[in-house]
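Shared chain: subunit A. Partners: subunit B in the first complex, subunit C in the second.
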Partner chain A sequence: MSEVTIALAGNPNTGKTTMFNNLTGARQHVGNWPGVTVEKKWGGLKHQGYDINVVDLPGVYSLTAYSPDEVIARRFVVEERPDMVVDIVDAANLERNLYLAVQFLELGAKLIIALNMTDVAASRNHRIDAEKLSQRLGVPVVRTVANRNQGTKELLDCIVNLGQSVNDADFRIDYGKEIEREIKNLQEIIQKSLLSLNYSPRWLAIKLLEEDDEVTRIVQGKG
Partner chain B sequence: MSPEDILHSKDEALARLRASFGEDLDTVFAGRRYGFISDALREVLVKPKKEKVTWTERIDRVVLNRFLGIPIFLALMWIIFQFVTPAMGGASMFTIAGYFMDWIDEGFGWLGGQVGVGGWGGALLTDGIIGGVGSVIIFIPSIFILFFFISLLEDSGYMARVAFVMDRALRRVGLHGRSAVPMLLGFGCNIPAIMATRTIESKRDRMTTILVNPFMSCGARLPIYLMLVPTFFAAYQGTVIFGLYVIGVLVAVGAAWLLRSTLFRGPPAPFVMELPPYRLPRFTEALVHMWERGKWFLVRAGTLIFAVVILIWALDYTGALESIGRAIDVLFSPCGFGQWQPAVGLITAVLAKEAVVGTFGAIFAGAEEVGGLGFIINFELGWDSLTAFSFMLFTLLMVPCVASLGVIQRETNSWRWMLFALGFTLGVAWIGSTLVFQIGSLFI
Partner chain C sequence: MMRCLGMVDSGELVTVVGLNGGFGLCRKLADMGLTPGVSLKVVHSQGRGPIVVDVRGSRIALGFGVAQKVMVDGRG
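Here is the complex of A and B:
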């Protein structure tokens, strides 16, 4: 019997809560994230002989350090190391929603994209090639309609499949020559000075250049 | 290599990047990410050339318009205040509040007639409780009507738009839309409004939003306005009250600018907000929301206001009230109301704003038979419209009540900031009222 822990992520109003209920049914627990008054929900289910634990992350648009919700989401992914992140994406607002997905990939997370509300997207005549999206981002993409409980089984199959594979993805965004030079430079200095860190050096370098308060504190703390 | 080396190299790198990309590096990084996404979506997503325009988008084009947004909000609020005030002289479409007031008035009048005891017990019942508590309760329907309309605006999705529109204005003073929500909540009660600032992550933004919130005119101020406008601004009741609300917002925004450029300097945090689609608000739902917000004023009338009024009546009965008032009334002479009755009223206002009305009600017992409290204040204290306006302005700007001071203390976790809020609002109130009265006196 194997166990898989997934973090359920997504923008607010993408049907994330509905998806959480579809996945976990009545087996839900509610508590608080440590140290903050943000609600934490988790639950579990069995699928294909796997025990799947689902942790519901706060709904966020981004992974900056500006709001406690965003810090909770990225801290959980890095420090608790769930086996994968399932990002619920509003298919009708694909561009904006992928901003979060891209940031999970930069963070080095193993990701599944649940292309949700595909019915709404279809009613607006948005045609989405899920397979091509999967190729371009290098992650599995599953079509779902959470409020009609469609695609839930496919998503669970995908979770089990990915759970067995190794994370060999090396996702990176090209920030352009000038910025890349500074990232590389900082990355090397970080690698030389910090022996063990949960966060990838490239990600730390990018976040330092974005003047992320929390990452600055993390780096200081390693003195 | 130490952490300091890393941070040092980071600062050097930032300096180099700023030289080529400008100050706003955040947007450069975000831009590259969006660039990557739109690149990846080129063969993935096909959208119709012309998107179907939804009703929400159509309404938003008007409501969120750069120039129309704020005027539309102001117009809506103006209309709402016409409903809140009892119309003078005959029927009007805005007389809802008037009906309720008449019923309550008759009810208390009948109650007063039933009191058969004489002596001090009878005086306590008729003058203190019926005169004092009754004068507050009579204005509670107006509070409910205001809250009903605010609930309609919220349930329809419009209030989120107001926050969005205010975001643009607040940005100029260094705040953003996340501060707009607590400010709008302040129209109901400053206490939940101040607690709502917990969603603001930046300490500077949060402190500023907390400290300016008392300037937002809460529901408890409404009875004071309603006590005075029928007599002193008969033809423009709703407009004058609307004006006071607008002044409250303007003072809050001005104070935010002042705090943000002195005590809490720094750039505002970025802010994303999603606008929900519009929906038709449900009547019963709005009634429930109205009740949840408004019931505290009923509870308070029976508890805190009740106790304050009895105390005031007892002090008045023994003559002590006048001496207390006279000890401080000179402070308010520059504001135009250096008399012991309003001075005592302002002391009770610190306990609860609507207690001002209860205090006047207990002091001028039986006012309802001779044309209402406003009329008696005009007759006995010799106030004119300018004095009345100056007094309303003072009660608007002075610190809301002890309960909200307690919340400020708890949320800032500091007695010093609480005392600052007390001193700051009292100072602004005194200066504001003095300016209005002194400058106004030159013209009248």
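Here is the complex of A and C:
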């Protein structure tokens, strides 16, 4: 039997924990992420012969490294490498929420977008073309209403499908000529080092240019 | 009229025109959706202490010092 580990991520108050409860029911454990007082929740379920482990990440607006919850969310995705990240997106606040989704894509994570609270979005007359969104971002998009347990099965089917496929996502943002030139230079250096085994070279290069504290430390330590 | 966010009364609608912080603060504020051009509503402000703003569909609390670094314009 195959096993997949998924991380549930998303902005605060988008329904991650509701979705987590839908997925795992009572089969969950609560603990702490090491070193900080941020609750860690994980659980498991079976679907179509797959053992699916679900980890609930703290709600964050971005993957910079300012607060403990952001660092945890990022470290988990970067270092523990879950098989995929399910980003719970508040459909009623799409613009704000897609910012995080794009950061996951930049990290090179295998991503599923759960377009949650589609009922709230509809009540505000937001019409969202999930298929177009999926095409543009190159990732599956599943509509859900977590507090009524709608779309949970579709999400699970999607997880199993994606679990069988290879990650061929080739998402990149064009940062313009000057920055792309520097990214390329750094990327070439990183590719020759051991760092490229654990991290996406392009992502490291971008974060170095952002002067991200944690990435700078990682590179100084191993580079 | 341009002023800092800390000077805005509760209930007012304003537009962000600039951020007067360092690199790190500007990035953090941008992450939370406070970018130049975005309109926001001050939900709670006492002229001192932390303030609460409603921006892009989320309510965010900002320390007064941070609020003083966010430049806003009168109409949202």
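Going forward, the second predicted complex is superposed on the first by the 217 of 223 C-alpha atoms of A that agree within 3 Å, B and C clash if a C-alpha of one lies under 4 Å from a C-alpha of the other, contacts with A are read in each partner's own complex, and residues count from 1 in each chain.
What we mean here is this: a contact is a pair of C-beta atoms (placed from the backbone, for glycine too) under 8 Å apart; a residue touches a chain by one contact, two chains touch by 3 or more.
Note that the structure is predicted; figures quoted are calculated from it, not measured.
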Problem set entry | Superposition on subunit A - do subunit B and subunit C clash or fit | clash
For this session: Figure out whether A:66 sits in contact with subunit B (first) or subunit C (second), or with both, or with neither.
Result: both
Exercise. Does the superposition put A:210 against subunit B (first), subunit C (second), both, or neither?
Worked result: both
For this session: Mind working out whether A:90 is in touch with subunit B, subunit C, both or neither, as first, second, both or neither?
Result: second
For this session: Please work out whether A:137 is in contact with subunit B alone, subunit C alone, both, or neither, and reply first, second, both or neither.
Result: first
Exercise. If you stack the two complexes on chain A, which partner ends up touching A:99: first (subunit B), second (subunit C), both, or neither?
Worked result: both
Exercise. Once the shared chain is lined up, is A:125 touching subunit B (first), subunit C (second), both, or neither of them?
Worked result: first
Exercise. Looking at the overlay, does A:78 come into contact with subunit B only (first), subunit C only (second), both, or neither?
Worked result: neither
Exercise. Comparing subunit C with subunit B, which touches more residues belonging to subunit A?
Worked result: B
Exercise. Where on subunit A do the contacts from subunit B and from subunit C line up?
Worked result: 11-13, 61-62, 64, 66, 95, 99, 210-211
Exercise. In the complex of these two chains, what residues of subunit A are touching subunit B?
Worked result: 11-13, 37, 61-62, 64, 66-68, 94-95, 98-99, 102-103, 124-129, 132-133, 136-137, 173-176, 178-179, 182, 185-186, 189-190, 192-193, 206, 208-211, 216, 219-223
Seminar exercise, completed: Residue set of subunit C touching subunit A in the complex reads 23-24, 27-28, 31-33, 56-58
Exercise. What part of subunit A is in contact with subunit C in the complex they form?
Worked result: 11-13, 61-62, 64, 66, 90, 92-93, 95-96, 99, 210-211
Seminar exercise, completed: The residues of subunit B that touch subunit A in their complex are 1-7, 9-10, 13-14, 16-17, 20-21, 25-26, 28-30, 32-34, 36-38, 40-41, 43-48, 51-52, 198, 201-202, 269-270, 272, 274, 276
